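Multiple structures follow.
Look at the two complexes coming up: chain A is in both, with chain B in one and chain C in the other.
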Partner chain A sequence: MPPRTCALCSTNRAMLKRPKTGQQICRECFFYVFETELFKPGDRVAIGASGGKDSTVLAYVMKTLNERYNYGLELFLLSIDEGITGYRDDSLETVKRNQQQYSMPLKILSYDELYGWTMDAIVSQVGRKNNCTFCGVFRRQALDRGASMLGVDHIVTGHNADDIAETVLMNIMRGDIARLGRCTSICTQGEDTIKRSKPFKYAYEKEIVMYAYFKKLDYFSTECIYSPDAYRGHARVFLKDLEAARPSAIIDIIHSGEAFEIREEVKATQKVQQTCKRCGYMSSNDLCKACTLLEGLERGMAQAGITDRGRKKLESEGPAPENLRTIPFYQPPSAGNAAILLEAP
Partner chain B sequence: MSESNVSLKVEFSGGLELLFSNQRSHKVAVPGTVPTKYNDPSSPSKPADIAFLIHYLRDNLLKERVELFMENDTVRPGILVLVNDTDWELEGEGQYVLKEGDEIVFISTLHGG
Partner chain C sequence: MAESCGNPSSEQDALMLRRSKFDKSNICIKCKVNPGNVVIRHAVIASAECFFPLVSSKFRRALVPAINPGPIPDTPRKKKGSLKAAGNLCIGFSGGLGSSVLLDLVTESYFPSENGNTKGGSDHPRHHEKVWDHGTVCYVEICSALPGTRDRTEEVRALVSEYRHFEFLPLRIEDAFDEAWWAKVGGRGLESNMTVDLADEDLILSQSTTSDNSVAALHSYISSLPTQTAVPSAIQTLIRLLLLHTARSTGSSHLLLGTSLTSLSVSLISSISQGGGFVVREEAQEEWQPTVESKRTVRVNRPLRDIGMKECAMWAWWKGVHIPGKENYLGGKQGIGALTKNFIVGLERDYPSTVSTIARTCGKLAPKDSSDSSCILCGRPAQPGKPDLASPPPHLQNMTPQIPPVAPASQSSLTPRLCYACHTTLTSRSSRGSTASGNHINSTPLPVWVVSELDGVGHRKMGEKEMKESISEYLLE
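Right after this comes the complex of A and B.
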């Protein structure tokens, strides 16, 4: 094939076919369109950093744009250490290098210090089948708590278009109406949770990977050693097949998720958000999911937070003992109360 | 078959290197001319292209889990291929004819954070 010229500048040779638009564009124009699609806030922002490609590109782009356009953002890296030997310990080494490369303060919060359990310990008790449930619930809450400790008003995460389309598919198949509405929002904010946004909502995985490749960014790419979320895995493979047949499928699915309307009668049956009686975190029941899961672990009945039968069994054994280990009470975000130890650079 | 080989630099990243002896960069020499149908010497010959290279890598360098590398006679969806740093979708994909000194990069996008 003869070389093509870039569809945007009509000068340079095209080096990438953009999946979203089908445009054939050059390296410089790719950097330009990719970078300028991102948002422009103005405060203390924590970047959820795992050391993987998405959060590494996010940290790099946030830093670059902050400097280029004088956003005046104060940026932090926030990492959650799930306690997975041979996986997260290695990826955190990447985050520590990013801390140096990007000169950003880094806070690492571990499941061990917050919940008293590492994922290694959880897997040794519950096995590999349901451990992703624990990890997902614990991570979400840990990010909010880490952000609260940092005194930031905004968390950004590296979720890309492929991730969001996957989540839309999963929520439709599970019939999870409440999450379906939330999962396509670029930005979410509860009453006493920290604002969260996904600047890469419309950025394809292909673009993230090409950006990291052309910019030679240092990222970590290994699959989690505890059986990757099987359900998400199916959605992901299906989506990649769809994308191969028609690249716009990913954006189309996100669009469907956004356009989904829920009937008022159904909305009325949704549980109202409240705060957890034990730890103060947002919850749709008396106890939040993390407290339920933790109680199950502590009382040796890990199924309690996963199945109805497990919960009934736990309840039949009587109320939680007085000396049960609990999660520290959640301090809703209030900027200026940050007095925490960062990782030494 | 042509006697002259084509020398290439082949790179795997994004987790794909794990399937190839955990080694990112490989030097590979493939025949300049190959059968149109892979491994069928009775089929007419063609210059070696990336479609051939993918099969060749599967049979000569891949150490494990072929299903994570190939699907339906090509790379599995979610693997990006670059020819001398350019997206292979701009170079004719599998039909791109390999040239001496080409650098072919395979990047998996499927590994999470």
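Right after this comes the complex of A and C.
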């Protein structure tokens, strides 16, 4: 049998089968794909920036390493303005200062611009209970849409080890099997979504604070004024207690999350990923969660996207009116989408 | 009324209404006739008429599919037919609520009634051939590991004597270091006396010339552990292995534990918090095989896994089940288990569905890789791949001591034979460094089953050739 050539360079003789992909590749290509797993030269990378400590440190570290090791990355700051007066407007000021300090282009995308609703308006309709559901769903989609507008290949977020461990626990307690299966991945990418990474997956929150402190970084430090999520609060306190008793507990929880997966029989019962019929964003139902929530808000039935009872009530009221405000159709990421206005430094 | 983050004097919705304790009415949701006496999660269940059958049926639903030999079906057993276990029955008795209720339920369901009870119809297992020929109640006394606690063996013996079908088999936690006990349960004779250096993160093994008595060895082992959190984990592992080896030696095909739904959720979260994600399935149910050569397995089952702590307490209260009580070894504020228990019990009060959600979610998980080896200390499957590949990136290893570098070639290390969770137990430091206080930290005795496995087995650094062999399936030439 003639020697096989490398599946990547088609030149050298294949020396190994890559365990992750099964590709037969040569040694040099293996080194290359291994070393450039996360980024490759010329990548356009958006840093999810809230102005908080994690994203500020992330922006600083990304810029520092990019320059020190000549990664050749094109870095952007991407901020989502949820429209929370007295909280986000202040933190965005920090992001704008970061833009100048780090000389990075900044794009701010607001909920108001994208969904026609600010969080202040949402809270005035739904109250404080469940408002985090709206914010979380809207933010995830807004980040992808903002990244698509910037024409970036990759979004990096400042989730740290404490966040990941907390998410593992929360997903177990909420029974969110789908998220539990993927929340410990350092890098995730669906078919139609932009690659997302959490470079601080193994970095303890305390170290991030220490880094910001010793580097004298400029960050904003206040809890969201609409976050009475008592349930997550319990998990956070528990995690802090665990860490105090045994500092390795955080990394041990992440290790646990990496060691298990969803059983095959359970996977088979999960819904297939499709695109939202209304806005084109990825969804496991005909309508994505953001469109469902938005329709509920627009029709004055905010519970429609939260409870089964609310959804049934909405359905019993008949189909959505023709003039219903909807989310702009999602443009899958491509470099050609990059012609947008950035914030002036 | 509970206060959220807002100011209740100026903001109307800053006060969140407390949920009512039950969903709709106070009529029993089972019979829909009688007023209820107990609130279980969000629903109301009436007293004896509905409560006892409900608990009994949950108990049997969890146990019956696992009784006959062969694979355990995922769906509840529908086919009528004889129930016959492959061996005897061993009940792990702690003296706590769960195991006391378990003993009562097993006796009621599977052993002939003491007062000629003919309830349950002609198909009731009680009226047929015995499911298990012989039953043993095994109790592990842990007072030697916990200074200031009392020996409860006689109290437990008195309780078990009320259940005439069961033989009482008392153990002591120091048996884990006792060669005589090891020989009694059929363990291989120990040729050497291996100890481990817990001060060295390589966990270097050495031969010891002296031999402590079992109590002294237990004390050395406990006092050499690097953190206070490691003590409850170590005690738990010792109890588990003592029960398993005893179950095997009594010819038991089943080891039943009185883990309630609440305790199971605590165990699951506690195990995950200590890096035991790979064996999350074993926390609920496991098939234990002492050695690869041995074909006889012990099936560990927790038949109360669908019954909450509150239901167990109601059962014990209404049935007058005597509970001897047990020592709390979970470690107070310093123990992962104790912290988890406080957390879960608190959650169960405010969010009653969470406990069952945790158990159900973990029931949908499986290890990412199959395992062909087991941890020498806890006997559970070990994650394949060398520990250093499973550990976080190198820059983190200094901060949170995980898997240390392999020991020099001339020395043997325990590390390659341990699972991640056991390795963490033996090496993780607290934020104030090691809290080990023993004089034997450099030559800490090991449990007899570990010494037995290590006997005659050399450990060395992995050479280049062996390293190549471990990745050979991916190499093309």
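As a working rule, the second predicted complex is superposed on the first by the 302 of 345 C-alpha atoms of A that agree within 3 Å, B and C clash if a C-alpha of one lies under 4 Å from a C-alpha of the other, contacts with A are read in each partner's own complex, and residues count from 1 in each chain.
Quick note on the criterion: a residue touches a chain if its C-beta (ideal position, glycine included) is under 8 Å from a C-beta of that chain, and two chains touch if they have at least 3 such contacts.
As the structure is a prediction and not an experimental result, all values here were calculated from the model.
Asks: Looking at the overlay, does A:53 come into contact with chain B only (first), chain C only (second), both, or neither?
Replies: First partner only.
Asks: Please indicate which partner A:89 is in contact with in the superposed arrangement: first for chain B, second for chain C, both, or neither.
Replies: A:89 contacts neither chain B nor chain C.
Asks: Considering only touches as defined above, state whether A:169 meets chain B (first), chain C (second), both or neither.
Replies: second
Asks: Comparing chain B against chain C, which has contacts with more of the residues in chain A?
Replies: C
Asks: Contacts for A:240 in the overlay, against chain B (first) and chain C (second): which applies, first, second, both or neither?
Replies: first
Asks: Given the touch rule stated above, what does A:67 touch, chain B (first), chain C (second), both, or neither?
Replies: Neither partner.
Asks: Who does A:202 touch here: chain B (first), chain C (second), both, or neither?
Replies: Second partner only, chain C.
Asks: Which partner chains sit in contact with A:265 here, chain B, chain C, both or neither? Use first/second/both/neither.
Replies: In the superposition, A:265 contacts chain C only.
Asks: Tell me the contact category for A:43 with respect to chain B and chain C: first, second, both or neither.
Replies: So A:43 meets neither chain B nor chain C here.
Asks: Thinking of the overlay built on chain A, is A:317 touched by chain B (first), by chain C (second), by both, or by neither?
Replies: In the superposition, A:317 touches no partner, neither chain B nor chain C.
Asks: So chain A touches chain B in one structure and chain C in the other; where do those two contact lists coincide?
Replies: In chain A, positions 4, 14-17, 24, 223, 228, 241, 244 sit in both the chain B and chain C interfaces.
Asks: Inside the complex, what are the residues of chain C that reach chain A?
Replies: Touch list, chain C to chain A: 2, 4-6, 13-14, 16, 74, 227-229, 268-269, 271-278, 280, 333-336, 339-340, 343, 346-347, 351, 354, 357-358, 360-362, 364-368, 383, 390-393, 396, 399-402, 420-421, 424, 428-431, 473-477.
Asks: Please output the residues of chain A touching chain C within their complex, sorted ascending.
Replies: Residue list for chain A touching chain C: 4, 14-19, 24, 127-129, 168-169, 171-177, 180, 202, 204, 207, 223, 225, 227-228, 230-231, 234, 238, 241-242, 244-249, 251-266.
Asks: So in the complex, which bits of chain A are touching chain B?
Replies: 1, 4, 14-17, 24, 50-55, 91, 158, 162, 205-206, 208-210, 213-214, 220-224, 228, 236-237, 240-241, 243-244
Asks: Taking the touch rule as given, give the residues of chain B at its contact with chain A in the complex, in rising order.
Replies: For chain B paired with chain A, touching residues are 13-15, 18, 76-78, 80, 82, 85-87, 89-92, 96, 105, 107-113.
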